[in-house]
Amino acid sequence: MMLKKMTQTKEYPTEPLKIWNEGKQLRRRYYEDYLNANEHGGLRWAGGAWSFSAIPAGLGDDVYCITGEPHGATIAFFKDFTAKCHEAVEAAGFPRTLCAYMRNYWGSILLDKYILADGTVIDNHPTPDFIWQDHICCSHGKWYQVAKWLEEKKGKRVPMYCVDVSVGYPMDKPLEDYKINYIINQLDDGIEWLKKVTGREYNDVLLCEAVWNEVKATKLWAEICALNQAVPAPLDEKTMYSLYVMGTLMKHRPECVAFYEKLKAEVEDRVRRGIAAVGNERFRVITDTQPPWGFLKIFREMEKYGVVSLGSLYTYGLIGMWKYRPDGSWIPKDLPPAKPKTREEALKLIVEWTVDRPEWAHFYLPEAKTKMILSIVKQWKADAVLLHYNRGCEGLSVHIAENRLGIQKAGVPVFPFEGNMGDEREFDFTGTLARLTTFFESMGLKKMKK
Amino acid sequence: MTEQSEEFWRWREYRHTDPDKDWHDAKIVTAGVDIGSVGSKAVVTLDGELYAYSVMRTGGVSEETAIEAMNRALEGTGLKTDNVHYVVGTGYGRVNVPFAKRTITEIACHARGAHYIYGPTVRTVLDIGGQDCKAIRCDEKGKVMSFLMNDKCAAGTGRGLEVFADLIRVPIEKLGKTSLNVEEEPPPVSNTCVIFAKAESVALLRQGWLKEKVAAAYHLAMVNRIVDLLTRVGIEKDFVVTGGVAKNTGIIFRLEKSLGIRPLEPKLDPILAGAIGAALFAKALYEKQIGLR
Amino acid sequence: MVEEVFETFRRWIDNRHDYAKAWKEKTGSRIVGYFCTYVPEEILYAVNILPVRILGSHEPPTVTEPYIFAMFCHLCRDCLAQGLKGRFDYIDGIVEGQSCLHLRQAFNAWRLHIPINFAYYIHIPHGIQNPHAIPYLTQELAKFKKNLEDWTGKKITNEDLDKGIRIMNRNRELMRRVYEYRKPDNPKITGLEAMEMVLSSQMVDKEEHSKLLKKLLEELPSRNLNRNSGVRLMIIGSEDDDRVFMKNVEDLGATFVVDEHCTGSRYIWDDVAPHEDKLFAIASRYVKRVPCPSKDWPEFTRVNHSVKLAKEFNVQGALVIQNKFCDPHGIEIPPLREALKQIGVQTYPFEFDVTVPWGQFRTRVEAFLETLTGLEELF
Amino acid sequence: MITAGVDVGAKYAKIVLLENGKTVMTRVNSTVGFDLLKSANTVFKKALTKANLERDQITQVVATGMGRKTIHKKPPINTQEIIPEVIADAKGAYHLIPTVKTVIDVGAEEGRGVKVAEDGKVRDFVINERCAAGAGTFIETMARALEVGVKDMGPLALKSTNAIPMNAQCCVFAESEVVGLIHSKVSKQDIAKAIHDAMAGRIASMVLRVGVEKDVALIGGVARNPGFLPPLRKELNTEILVPEYPEYVGALGAALLAFEMEGKK
């Protein structure tokens, strides 16, 4: 099978994504809304991409979240600003082995600087009105506990609430009720806490709206990723990083649902017309964990060998919601039967919807993640898996060595490379590229003459 | 099979006696012996003033090095080790100075020695030693307030420079100057590990970079690492550099540029700071012993 | 004799495997290895299972490379290495009480690659500062108890649970009373001996251990340690069981008078309070105990607790240890050091790896002690 | 038909001239300076004179090693093809030991572990990417710290019997640890053994990442160091075969592939 691939040098038609600029605008405006929230009476809050962002939405539609991880990634993309952040964090005495996003975030507080999506750096880091986080990775709760401590040293008091979701993963059967209720009870208390710290009333209608948007957006993103099963693949992972980010920033907002509906239509059209993301696609791979954000050019280098990355459990399952059909196929999750009408229904729905998030499985069961990776390899027709052993994120790298063993045992070629998503000092680009190209050559691929 | 390999990493050993001083007039004769991981220094002081010293490479057995360093310092003065009232050992091999009555760490000695060499305004001392690099905050008397050490990576140390001098075949004493004659600073060698930094430098040479440019890139990477340590301990003026690497103009120039603070000019050999500090502590200990203090 | 007691503690630590095999021979009961101190040993003792803590051997854990990415702490890899090297072939089961991401990888790799009859992961909550944690953990422990009953075929009654609680509370309480002897100006035991006391309790039958503790408490008042206690130090870290480091530091003219890590005070500081719902009582202890940083947010309860200990034991300086790559403890180092500085306690940070290079650390410790004693008279 | 394999490593360039894909005519190596091309050409000329051949008598040349890209298609060698080291290592080792399944190559600045399939092809591989300790220069720098000749380090290590564990994380940190050991009076042979054990530990942990399957071969310049094999055998607890001329196995693999390519034409 391998030899047939090598000789095929068919060139597929390609064209840029029409929706691309709209995505850029949406992201830029999102960060500006966060920055200027206080100017027109709005609220700013800080929390992670997995935080229950639909809950604060009940405080009003002028409530904006910074979402720590994408902000950490944006910082990582601009290498010299990242270097300053790391220097400030190490000068404050924090070990450099900690999560790279977290260090970037703390660094911008210590430097009192704020970087926008296009790289412009402005003075005084915007202090959030409150922190609304959830905890599954060791660094989740403490990320904002220390951010709060750093703000306090600058004389600013930031109240913090953090929901513990480390209740396990529903591998074969749903989670027991006491686990679901443990999270629901924390969210219930959380709403009372939000009212207390913001002095605002809480609107359950807005909550139900936000929950339903989140459910639709996370299902839509999964449907878009499923389209990448087509040969040639309509999207490549490097592009998808800029598209899935909407889901991490504002999965509970209507603009996100609208954006993904439009994107899905465009990608379906590309599949119909056989439009490829990479013209010389001939070797389909999937990756794992976040990429080295400062070195995305590595994807362009791979394309010189006709290698396209279709995505990963990371890009598909960090935000996208999926389920296994009885026949073992992995498909986008079905929408719940009805839109929630009361607070109680909304909380129960969002917790039950969220607890089997694919990227929460590996925190407990390496086999669960290996199974999903192998389903993607099979259904998306991937030829190999590139595992980014990401020193910058212990949360997504936990059990990754076990995943490698599982993938290898299933006879799928797998190539691990070490790096760091957010600390450019720890990513040896030349060395990694040499090893990656050696792997491609050992798979019989040659650099294609331009 | 390999060409005659001149050892570019080996630096010159030396000794010195102050011609205007005579130990016969002195009330208290004390000495400090600093057995470093790469270099060893012995200093003799008369009533707290520098009289004679020696600098040599640390050998495999530190007792022998300590005796040799002391003998070289005393050479030609007529003094013998047992005439010295009190000796303090410091440095990596301080426990192996047979004739030392007491040992004190090189952290305390470098701070005290820097106070002697540069004066009471010193508040931050950077000692770039053979195997490690120490950042020390001290008070107006040269007493240590806080300190940090980096010996996790030899890239920020004298050892890293020796490896590099060997690589680009430039005598270590000229390395600093070589790294300075470039039009503009190239990007620093990125790797944190000295061996990888070396491999990367070889790659740069093979891409046709001139020795001077590669030296500049390596020195910049080294200074970045040292600045990391200094910022963690916090820098307060006046700032001084001690240890052998203080004579490398390439490091000092870039430190000043990166920190925005000019290190004070040493009026005598900064490599002696540890041994001088030890000798001064020896004086204080002797005074205590005979009830003078 | 006090020396004999500590000699026994050391022998138990150094020959932990022989002890366990002999215990199994003698009692015919089962042994369960556990990784983190969030495993409720009370429930294991209730069904006559001997809990033993799986710790590392301070040798480079090369064999674990295929199973755990080497950017995770050396402790979790060192623990797995013991299993892969067959040193725990006599244990019947492994249990992990959910704590950090690192240690659970040792549990899962063990479960997947080393033959074992029983492997159970208790989802101990991280939200220990929220009121719903105790009722949640009570039900999680009920599930654990049910699984133990299925595995052993024995019903666990309230009396059994009371027995387990009594054994654990007794052992902890006796060790806390020994800690009291570290408060006076001339402490009756060294920091190394305190570590040997707690470490050995994690490896042997606690009833046997408590007998020795009673003997120790009778003889301690008259013990004359005849050594200069020197500088009063505190050691703060995650899981430090490096006895060589403790001994070397104390030989330089200092004494560790108190510690805050899970091979010391954190393991013995809290008891199970009486309550008719035994599992509720045990759950409350493990939610309200001195927390591991991985669970300690949004407030810094562990940092504040460390400051309290530093005052209570009249500490002059603290060595803050980070196992390289340990994130939960690594994150807390700056707030911890600042809080200690505010009460006048100087601190110095150490980064530990699987082997500790005493050459470099000796200079740091001596220089740190010099800043504490100040070499005053020499200026 | 004569083919050539050129392996331009970090420190040494090695050449193998092969007759009809079976018998090795000459093996030559020399140090690599800053000018890779010049060094490769000098060693190529040396091989030709040693085998008294002219350039045109060699039908096919394949290059491998770190410097392969720099010398590719450049006169006078003008290689027709370049291959990554892991493919050359697998090919060469398979030719010498047909039952080989795991090849460990420890060169001057890189360590590699290669899993070899039934047909000699590469099944999986790992390259030392984290720390330079798994490489020849580690022994060299340590020899200087101990003031012992590089060649004597191995025999010296074999004299020692007790094991001193050294820090596992970083080789350069291990270097300052060596200095610490020197100062605390540990004998040179015990330190030399600790150094070889540390390096073997790092190579073993690298190879274990892809798994060790019998038969295991050790190739590359460091394979000549007698002090390295015993600790590596212990770490991997398996027998390890060392072919004759271990540092030429990569060049041999390249020459064999040159022969195969010629055959296909």
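Just so it is clear, A, B, C and D label the chains in written order, and each chain counts residues from 1 on its own.
Please note the rule applied: a residue touches a chain if its C-beta (ideal position, glycine included) is under 8 Å from a C-beta of that chain, and two chains touch if they have at least 3 such contacts.
Because the structure is a prediction, the values reported are computed rather than measured.
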{"item": "Co-neighbours of chain D and chain C - touch as defined", "value": "A, B"}
{"item": "Farthest chain relative to chain A (centres taken as mean CA coordinates)", "value": "B"}
{"item": "Chains linked by the largest number of contacting C-beta pairs", "value": "A-C"}
{"item": "Intercentroid distance (Cα basis), chain D paired with chain B, Å", "value": "38"}
{"item": "Whole-Å gap separating chain A and chain B, where each centre is the average of the chain's CA atoms", "value": "49"}
{"item": "Chain D, residues touching no fewer than two other chains", "value": "130, 173, 176, 179-180, 183-184, 209"}
{"item": "Sequence positions of chain B contacting 2 or more other chains", "value": "92, 132, 151-152, 196"}
{"item": "Residues of chain A whose C-beta touches two or more other chains", "value": "93, 401, 418, 428"}
{"item": "Chain contact topology (line, ring, star, complete or other)", "value": "complete"}
{"item": "Residue numbers on chain D that touch chain C, as the complex places them", "value": "130, 165-169, 173, 176-177, 179-181, 183-184, 201, 204-206, 208-209, 211, 235"}
{"item": "Chain B-facing residues of chain C, complex", "value": "346, 351, 359-360, 363-364, 366-367, 370-371, 374-375, 377-379"}
{"item": "Chain D contact footprint on chain B (complex, rising order)", "value": "1-3, 35, 37-38, 59-60, 62, 92-93, 95-96, 131-132, 151-155, 159, 163, 193-196, 198-199, 202, 205-206"}
{"item": "Complex interface listing, chain B residues touching chain C", "value": "92, 104-108, 132, 141-147, 149, 151-152, 281, 284-285, 288, 293"}
{"item": "Residue ranges of chain C in contact with chain A within the complex", "value": "65-69, 71-72, 98, 100-102, 104-105, 108-109, 112, 121, 123, 125-127, 130-133, 135-136, 139-140, 143, 293-295, 297-298, 300, 322, 324-325, 327-328, 330-335, 337, 349, 351"}
